[in-house]
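Order of writing sets the chain letters: A, B and C. Residues in each chain are counted from 1.
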């Protein structure tokens, strides 16, 4: 029973990482129709940022890296949007392939810069303990990741709902043409969305250093699941992403517990396909009358 | 020369090149390499059909390739073991032949290509019926590829894990290392590719092919013409999966191994890259793209392993940006430009499928 | 009524709390040419969307030749013999004009027949091509057609489908004067041996080609009758006040 209870926080923290990764994707996908396969490499950039900052910040590299990684990954995303992706709007499948090419290059660049073997980021001492929680124990690190995810969700929610920029972003997401003729500079909104979305991947990457080693292909392990979260949650839907990420995280962890790690992925896949039978467009959908 | 004959001329030229020139000119091990590329070309042909003609970007063809490959490998393994357990199972501590393996002892090869089809039919029917399409479909197929590989790696005793299935001593009564066997396998692979190409071309030109293009360009409109797009897409996806399965089934005797690293997200995407570079709207582009890209990969990797990834990535970015219709598209453009200069008016806005 | 082809009873459609259609009754008889008019948001397009299976009603029934249509999938409804066009015409740009028509004519073919290549033109396709007068462009890709020609091709595809009921959604929207005349003639010709329902905004076009008219307003049927009756009805004038004057000018 205790071991079953232990799955709960593990599931929650897997969900939290998925959520951090999927948050950026759901907005770039939802707003711009861009399937960014290089998003996983922004995650990697965030993780390596924490690794590099160890020289300077020592054991406190992780907290220091959070804002830095946001900027680094955000800048990478911004450059990608400006140089390539903006020429591809309205062609989601082509952006998928384009960004995969970029992802290959970034991975190989990481291999050349940091070496192919995995590296380790030392967690600060205040993140290495465990807390007891009604029979189950929970590592501080996982608790921290969950808190980080909550903070990011609250931040995004406030940004979308309260700020002028956020409202513009929602306007573009719901109806790009109408927003454009209403005087919203959609191009600038796109840049900002891409910056923030990619920056969040950087933050997720820093969080990942707390649960495992960092390698050039770290992004590829999370990108596929994160896309499943977006698909199950509905495009550009904050609520959907939160629920789907937690559900998939839990499902992963319990399926691993009942079967084994290799079957768990198949179970998750089957559940997502089954779910799409009921809700083909994900949990939440922006309704429109247009015949697509 | 009549138009009909002219249409067949490039095909005949390639056939002569593959069936006569290559076997005479290439040393045995190069011919074997070429056979491997031809296997990938078969899978690429399926992608050309599903993606180029049908608009279904399938990023999980590795799964179907793998199903065909593992089915054949299981048959060969059981045949080698001759009633005992296959070697790797003994090493993994498996004591009894798993139920999953039993059917492959007998009908083996016949099952190989077929096994991918029902999987694609079930997935396609579920997904397309609910109008899951575009990027959603691409993401789902990619997730399938990821899950499939993790499953293969995890089920060591059943699948040989990371190492996959290898060390076959007897391929249909012949020594797999012998030059004669390799040569025969090469001709079989080339023959299968040629036959499938002709079949696919016929499909594209048929009414079904026109319908498929219509579904690609306006799925919702097609519904109001009285057709069910889900059926059209499921059939096409299944055909494409069947081709990948057959490719995998041929790959195993040709190369002598099937392992998860050949089937995952990246190899599946690489097949798509090859099709994009060759030209997704032209079946011949898909086939030639697969051959050339895999040849380039082999020769480049021999020189500078890491460089290939840069090159592949850069090539992909360039093709998507500058020539989304790939080499075949460039060829058509050049041909039209040439025709214009000669004064014969180029057929305006010729349907892209016309080029095969 | 024994000769009713389409019978709509008590139809109600709700979008996220907004009632688009509220208890609509409509009967279209065999061989009739019926115009469906009304101001923006009256529910005209929603009505054909329900008939063709694109939108599911909250309440009510739609019977076509005695068969209930609600809950059926779009392509099934087409197979029963109902065809429609869309406001923004959708033809398959990469296929030639003949291929577009052939596709429309072909849904009754069994699957094996689909695997064969098309040779020449079937009578059905030739007749449709003749009706819409695009014979010169038969082997050109539909992508090169003008806006008006596309609309005609769509109507031709509809005819080639050989439906028992045709639903046209604003066939003359965005057309030039000449194109309108041509479309009107086409419509008259088709209506001779088909049952047709036309949704139209254009009052001028209505006056020239309509006989029976149903006016929708805010999701309900306001008036039904011949053109003169409808035009003289004070309620219709009120609904169209402002708009009507502009368009009549």
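Observations, loosely collected:
Going forward, contacts are C-beta pairs under 8 Å (C-beta built on N, C-alpha and C of every residue); 3 or more make two chains touch, one makes a residue touch a chain.
What you are looking at is a predicted structure, and each value in this text was computed from that prediction instead of being measured.
Chain centres computed from CA atoms place C at the largest separation from chain A. Nearest to the global CA centroid, when each chain is reduced to the mean of its CA atoms, is chain B. Chain centres here are Cα means. That of chain B falls 44 Å from that of chain C.
Mean C-alpha positions place chain A and chain B at a centre distance of 32 Å.
The centroid of the Cα atoms in chain A and the matching centroid in chain C are 47 Å apart.
Among the residues of chain C, those in touch with two or more other chains are 86. Across the assembly, chain B contributes 220 as residues in contact with two or more other chains. Multi-chain contact residues, meaning those touching two or more other chains, occur in chain A at positions 291. Of all residues in chain C, those touching chain B in their complex are 52, 73-75, 78-79, 83-84, 86, 90, 92-96, 99, 102-104, 106-109, 111, 113-118, 140-141, 143-144, 157, 161.
Residue ranges of chain A in contact with chain B, taken from their complex: 29, 33, 35, 84, 87-88, 92-94, 96-98, 100-105, 107-108, 111-112, 220, 224-225, 227-228, 230-231, 260-263, 265-266, 268-269, 272-273, 276-277, 280, 291-292.
Residues 57, 123, 126-127, 130-132, 134-136, 138-140, 142-144, 146-148, 150-155, 220, 265-266, 269, 272-273, 276, 306, 309-310, 312-317, 320-321, 324 of chain B touch chain A in their complex.
Contacts from chain B toward chain C in the complex involve residues 202-203, 205-208, 210-211, 213-214, 217-218, 220-221, 223-228, 348-353.
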